[in-house]
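Read through the structures below before going on.
Okay, so chain A shows up in both of these, paired with chain B first and chain C after.
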Partner chain A sequence: MIKIEINGQMVKAHEGDMLIDVADDAHIAIPRFCYHKKLSIAANCRMCLVEVEGAPKALPACATPVTDGMKVQTKSVKAVAAQKSVMEFLLINHPLDCPICDQGGECELQDVAMQYGDDVSRFSEAKRVVADKNIGALIHTDMTRCIHCTRCVRFGQEIGGIMELGATGRSEWMEIGTYIEQSVISEMSGNMIDLCPVGALTSKPYRYSARPWELKSHHGISPHDSIGSNIIIHAKGNDVKRVVPADKESINEVWLSDRDRFAYEGINSEDRLTAPMIKENGKWRQVDWETALQFSADKLKHYAATPEMMGVLASPTATLEELYLLQKIARGLGVNNLDTRLRQQDFSLDSHGFVKPELKHSFAEVEKLDATLLVGSYLRHELPMLNHRLRKAQLAGKIVSSINTEKFEINYEINNEVVADDLLAELQLVVDALEKPESNNIDKVYKKIASSLSTAGKSSIMLGQISLMDVNFTKILKLTSDIARLSGAVLNVLPISANDVGAYMVNFLPEKGKNIQQMLTTQMKAFVNLSLEAESDITDGKLAIEAMRKAEFVLNFSLFDSEIQREYADVLLPIASFAETAGTFVNAMGTKQSFKMAVEPQGDSKAAWKVFRVLGNMLDLEGFDYTHSNQVFAEVLENNIETKNELVLEKIDIKIDKKKSIKNKTPLISIYEVDSITRRATALKTASKAVSETIIVTAPVQEVG
Partner chain B sequence: MLAFLKHQFKTFTLLELLKGMVITGKYFLKKKITVRYPEEKTPISPRFRGHHALRRYEGGEERCIACKLCEAVCPANAITIEFEQRDDGSRRTTQYDIDMFKCIYCGFCEESCPTDAIVETRVFEYEFHERGPSIMTKDKLLDFGDKHESQIAEDRAVDAKYR
Partner chain C sequence: MAEVIQNECCYRTNHLENSWDIETYLANGGYEIWKKILAGDLSPAEIIDEVKTSNIRGRGGAGFPTGLKWSFMNRHAPGSKYIVCNSDESEPGTFKDRDIMRFNPHQLVEGMMIAGYVIGACAGYNYIRGEFWEPYKRFTGAIDQAREAGLLGKDILGSGWDFDLFAHLGGGAYICGEETALLESIEGKKGQPRFKPPFPASFGLFGKPTTINNTETLASIPMILAKGGKWFADLGVKNAGGTKCYAVSGHINKPGAYEVRMGTPFADLLELSGGIWKKRKLKAVIPGGSSTAVMPAEAVEGMTMDYDSIAKAGSFLGAGSVMILDETTDMVKSLERLTWFYYDESCGQCTPCREGTGWMYRVVHRIRQGKGRPEDIQLLKEVSGKIMGKVICGLGDAAAIPVESFLKHYEHEFKHYIEHGCSIFDRV
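And then the complex of A and B:
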């Protein structure tokens, strides 16, 4: 610890810390543009110039390490003169178009110019104009506004992992752009919008839809993956206008994946179901809630006479409260056919218990893992923020290996990469390598994977969505648990959806009943679906639709209206989206995060937990007298039903036939098609098209190589 | 004693009455300044803050770019603006309402406007008898601006050197 003096105030600091960090910790404001706490130091904007005693010239606070006894003035005549001069230079080429700039009102340059700018410009020469670039459906550019802080460039290099934007030319002719005309396709590109201190990079879907001072901020949790990124929902009146990240160092740091940022467009989609509907004699009729619920309750009572013929399916993107109440209703009616594992195809372990989807490390610990093995996971698309953490680990010299069915574009080097159609055979080789490290018959790469896992201090195996969806999931699980046992690594079955862990927690599982596969293949009489689009959310969509069609009664709690739903369902009840309801998501590492309602539900839709409360009472079930979603959450925590059915792999004997298993490749879920909301986000749809187009362009190059 | 005599003198010579009558007489003969409103009107400053108008550029393009500064600055919350992106990519208002009952004619909207789109004109002779028509819509304001454009432009030109 050393002591320095800033503006006469004694501040404690660590030797070698940058002056700007020390000042920030002491709440002493220093203006800056290029400096960002999560990016490397560029010191090219010069806005943070301060006077340091003994130094002949003003020094940039972002690139000046503190030394003991240093005396710094941030408001002295010399410092302010330096800052004002820099400001004048920055404003030379910056257009005066604040009134038509989306950044106006939340602009760092505008704020700093209010303090350090002059009201009259001395610059009478021609201003610089730079052509705007089209860099895709998510980011709008106004390059004339750029002040060359290079935050976006550094973001691409250091965080995004692909250098998509860069600077060409020097001084007056310096321009930021994609070197060759192309879209920015990083799955985290939206962060550049937040990073840009001016209006050069702004959000395209949000463009010209609100002014920042009209927006109300509401804290929320992102429902599109199991990271549980903290978000701020910006709403104008009752419309969600945009989503920006909230600082949460332990979860999403300061970043947000594009999926979490732009998927909000889905909740404003025209497809939204806004009134309860029932089908009578093949015709759809719009009814009021009471009629619809009474109709549903009567039907449910009727079919509850044969509870084994009724199936309850829910999307794991539903909140903890919704899942808890729905299973309470189902179990109250005697129905045990409950499932949220929509993507899974192999359920042969169900009789022994259920796999707990869980990341056993905190996200911060992932950065410190000495060795990681990814099995069947396109982590970058499944959980972009976890991939970012793993990327940091790899860049710090840790070892990341992968065994995948395809060669995926990962934004860092995978140290040991295995690409093969048959995951089982590859995993078996790793097991062999661990059992017989001396054997000569095993390829070097498997030995490397094995030794990296067993020699590392902390090592981890992560099973991704491709493993989870594999028809041989059980066997993959068995082999990976063997690897884990032999190497001392921690085995994680990664939860992918927002509330996979929550569903497990409230026991939304077929404990004594049929799992989803059995439900779809045996003739069920009735289905209850919670925010589920059977055709795309379930791996075998065709089978699911067929089963729903054959069922006598299908009750859908749904966000959206669709032709296909109208075909198979009998009742459609409109429910609220993540921004319109209060609830809780449990993220991959088990953090329970509650959030409040940001905007009113659209049309006549209602928060699902309220609907379940009323439905529970209509069905004469006990314990449905909640007045607040908190009470439901408290009940979940009290009951603590989570550990009852955990699968203990070691006790089960799973046979793995050495013969090559039949290849049955499951299609990959596109990054922007994970749930009903993202599927309706138009900008993301266009962006994902750009991603696939880029892949087509690079294909011939691979052929040549 | 002297004061008593002075008082008696004033009383019996009607001196103060005559003084008053002299003033009355002066004004009786002087040129009159009364304005016979509405037949006659007083001169108005180019900075007069009367009825609002939305202006257009000479080519016919509306000046308002929907920056919402007037709405934000309005101390009476009299202005309501909705906007969207027009097909040519520019941001334009779809709704621009001023509630003339709420307006306090402070002129902040005019002052905040970066394009001189919203202005307060010399017109002050108007009245509303019920609540609906008191809300000036975008169309009404633009029409009003078109009608008075020459006067508005002239007033801005006169005031330009002080701004």
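And then the complex of A and C:
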């Protein structure tokens, strides 16, 4: 530790730290535009010029390393003169169109100009005008406002991993753009909106819909993947206007995936179900909650007489509280047919136990993994923020390998990449390479994968959604667990949805009943569905719809109305979205994150946990007297009901037929169609088209045997 | 005028037929030093000592002592290291290096090889101004000849030492003469200066330790080693040794490149280049390229061409690009052209230069159009002052210096435009 003096104040610092960081830690404000703590130093805006004793010129605080005894003035006449000079230069070509600029009120340039700018400009020449660019459905550009800080450019190079924006031209003609006109579609591109210190890059869906000072901020947790990104929901009155990231270094750092950022549009969709509906004699009618719940309770009591014929399915995007209460109702009625594993297709191990979805490393630890093997995963689309962490590891020289059924566009180099139809055969070769490292019959790439895992200090195998959806999931699991055992790597079955881990925690599993596949293939009399759209959320959607149609009674707790639900369901109960309810999500690494209601539920919809509370009472079940969602959460923590039946692979003998080549391609779930809300986010839908046209290759399920 | 001795170092063979051919160079003592080094008769330390003795200062404009610069590099450090030659000469008025590459490219090749050896480089790059097609061809021809003669490449003359040279033709940007922008450009990136530190000696080309020298500096090295550092030092003055190449242009009878001894009187150089044309009088001199301050005729009286004397007279030797302005020159028009140059050539990276150069040009342009305002002179002074010292590289300062010096010495001409809407040479 060394000591430096800023404005006469003694500050401790580490030698070599940049002055701006030291000042920030000491809460000494230095104005800046190009500097960002997560990006490389550009030192191009010159706004952070300060006076350093002994230096003839003012120095940029962002690029000046501190030395012992350094004396710095940030507010001296010389420093302020330098800062004001830069401010004047920045403003001469800036349009100063704040009244019609979306950034107005939350603009770094505006804020700093209040302090360092003059009220009258001495620049009386014509201002520069730059043509706007159409860079897709997510980001709106007003390039005349650009101050060339290059944060967006550096974001693409350093964080996004795809240089979507760059600077062309020099002098005043320097422009930020895509060079060849194209959409900005990488899965993290929306962060450039936050990074842009002016109104050059703004959110397209949010454009002109509110002013920052009209918005209320509510802390939330994003429900679209298992990262559990911390978000701020901005609402004007009762309308969710946008979602921005909240700083949470251990989870999403300062970033947000585009899916988490723009999916909120879905909750304002016209499809929202806003009143309870029941179907009698083939006709739908809107009813009040009491009628609807009484009707449902009567039906449930009726079908509970044959509990083995009733199925309860829930989306793993539901909150912990919702899942807990629904299973409590089901089990209270004697129903044990419970499942949230909507994407899985191979359940042959259920009789031995349940696979625990879990990332056994913290996100920060992922950056430090010496070797990682991805098996059946398009991680960039499944869990963008985890991919970002792994990218950091790879860029730092760690080894990342992958075995996939498709060649995916990854934003870093996969050190050892295997693309083949048959995952099993490939995995077997890695097992062979571990068992017989001396063998000459094994291709180099498998040996490399094997040795990277076994020689590394910390190594990990991650099974993604493609593995999970594979019809041979069990065998993939067996082979990867062999690889893990032989190499000492940690095996992770990645949780994908927001509450995969939570569902496991509250035992939303068919411990003593039928799994989803059995429910769909044996004739069930009744289904209760929470927050799911059977046709899209269940891998074999056709089969699911068929089963629902055949059932005598289907009760859907749903955010949205749809033709298809009206066809097969009998009761539609409108429930609240993630922004309209309190609840908890448990993320991939097991962090439980609770959040409060940000806005009132739309129309007559209600928070699902409240609905379950009332329904539980109507069904005369014990213990449904909660007054607050916290009490439900406390109960989950108190009564550990997690399954005792965790799968232990080592104990099971799974035969893998080596001769039989199994060809199957698993359908990928498009990045912006993962749940009912994202599917209704208009801007993402447009972006998704651009994505699928360029990147995603989907193939139908087929088994060649 | 006493006889001015010319062409003792870089231009020494320029008068010969096919001076750029390796045969000519070999016949005139070429590659002798290189062979001596390969034979193990000259150590890096000895070379650095000799270069320090020669008192040669960087010829690119900054005048940094070359021997000292070389001593910053640890030749035994592991990993690649590079020697880079800056032949970008794109500053208005600068063309002295062009004639080295056109007429004596092998001396530059040998100089780069020696420098590469001293710093332990694996390769060298010569960054040549984009418009210099003929010099580029001559230089690459020289590399090819040297390689063919076994003087360059792998295991040179059985010494076990590998070294190769490459030429990189620029894309036509002034900023790429700034050494770190030059490195970016060689790397295939947009030519923008890097923020320093780190300096190229620790993080240079492709992130490796790199020494960057000017063409004239490197081309002088073989002669320094052949004739001794003392010989070179004695050619010059106390604070700077050797000869200096000047590019003399403007209102003179014989514009061109001249190599004379450091410390030659300005008057001699002017006479050498044929004197002011059309029998007119001298009005002003820009002594070191467009980025150095303009000097009125009276300031150059008695001045000699070396760092100290020019600095004392109020400007800078720079790259030795002497521009002569005769008595009929409209200084407002001259400045308008210069401000346009810097406006056009600013790389756009940092704010004061990107925004300020355009502002200065527009104001001067307006004054020249007869639309100036009384406050414009003060405004120009302030804007140039606000650029100065607040930018990443030297371009911002280079743009500000002409504005400041033109206003310092010729403010009345600007005032005339503002008050009368026309030049002092126009009839009011």
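Rule of thumb we're sticking to: the second predicted complex is superposed on the first by the 691 of 705 C-alpha atoms of A that agree within 3 Å, B and C clash if a C-alpha of one lies under 4 Å from a C-alpha of the other, contacts with A are read in each partner's own complex, and residues count from 1 in each chain.
Criterion: a residue touches a chain if its C-beta (ideal position, glycine included) is under 8 Å from a C-beta of that chain, and two chains touch if they have at least 3 such contacts.
Remember, it's a predicted structure, so these values are computed and weren't measured experimentally.
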{"item": "Partner chain(s) touched by A:Tyr208 [first = chain B, second = chain C, both, neither]", "value": "first"}
{"item": "Chain B versus chain C as contact partner of A:Asn7, first or second or both or neither", "value": "neither"}
{"item": "Touching partner for A:Pro99 - first (chain B), second (chain C), both, neither", "value": "first"}
{"item": "Contacts of A:Ser454 with chain B and chain C, given as first, second, both or neither", "value": "neither"}
{"item": "Broader residue contact with chain A after superposition on the shared chain, chain B or chain C", "value": "C"}
{"item": "Which superposed partner A:Ser562 touches (first chain B, second chain C, both, neither)", "value": "neither"}
{"item": "Which of chain B and chain C A:Ser362 touches, first, second, both or neither", "value": "neither"}
{"item": "Shared chain A surface residues [contacts with chain B and with chain C]", "value": "none"}
{"item": "Complex interface listing, chain C residues touching chain A", "value": "173, 175, 190, 195, 197, 343-352, 354-359, 362-363, 366, 379, 386, 389-392"}
{"item": "Contacting residues of chain A [partner chain C, same complex]", "value": "41-47, 49, 56-58, 60, 63, 65, 82, 85-86, 88-90, 92-93, 122-123, 125, 128, 147-148, 167, 169-174"}
{"item": "Touching residues on chain B, where the partner in the complex is chain A", "value": "65-69, 72, 83-85, 90-91, 114-115"}
{"item": "Chain B partner contacts - residues on chain A that touch it in the complex", "value": "98-100, 104, 207-209, 211, 213-214"}
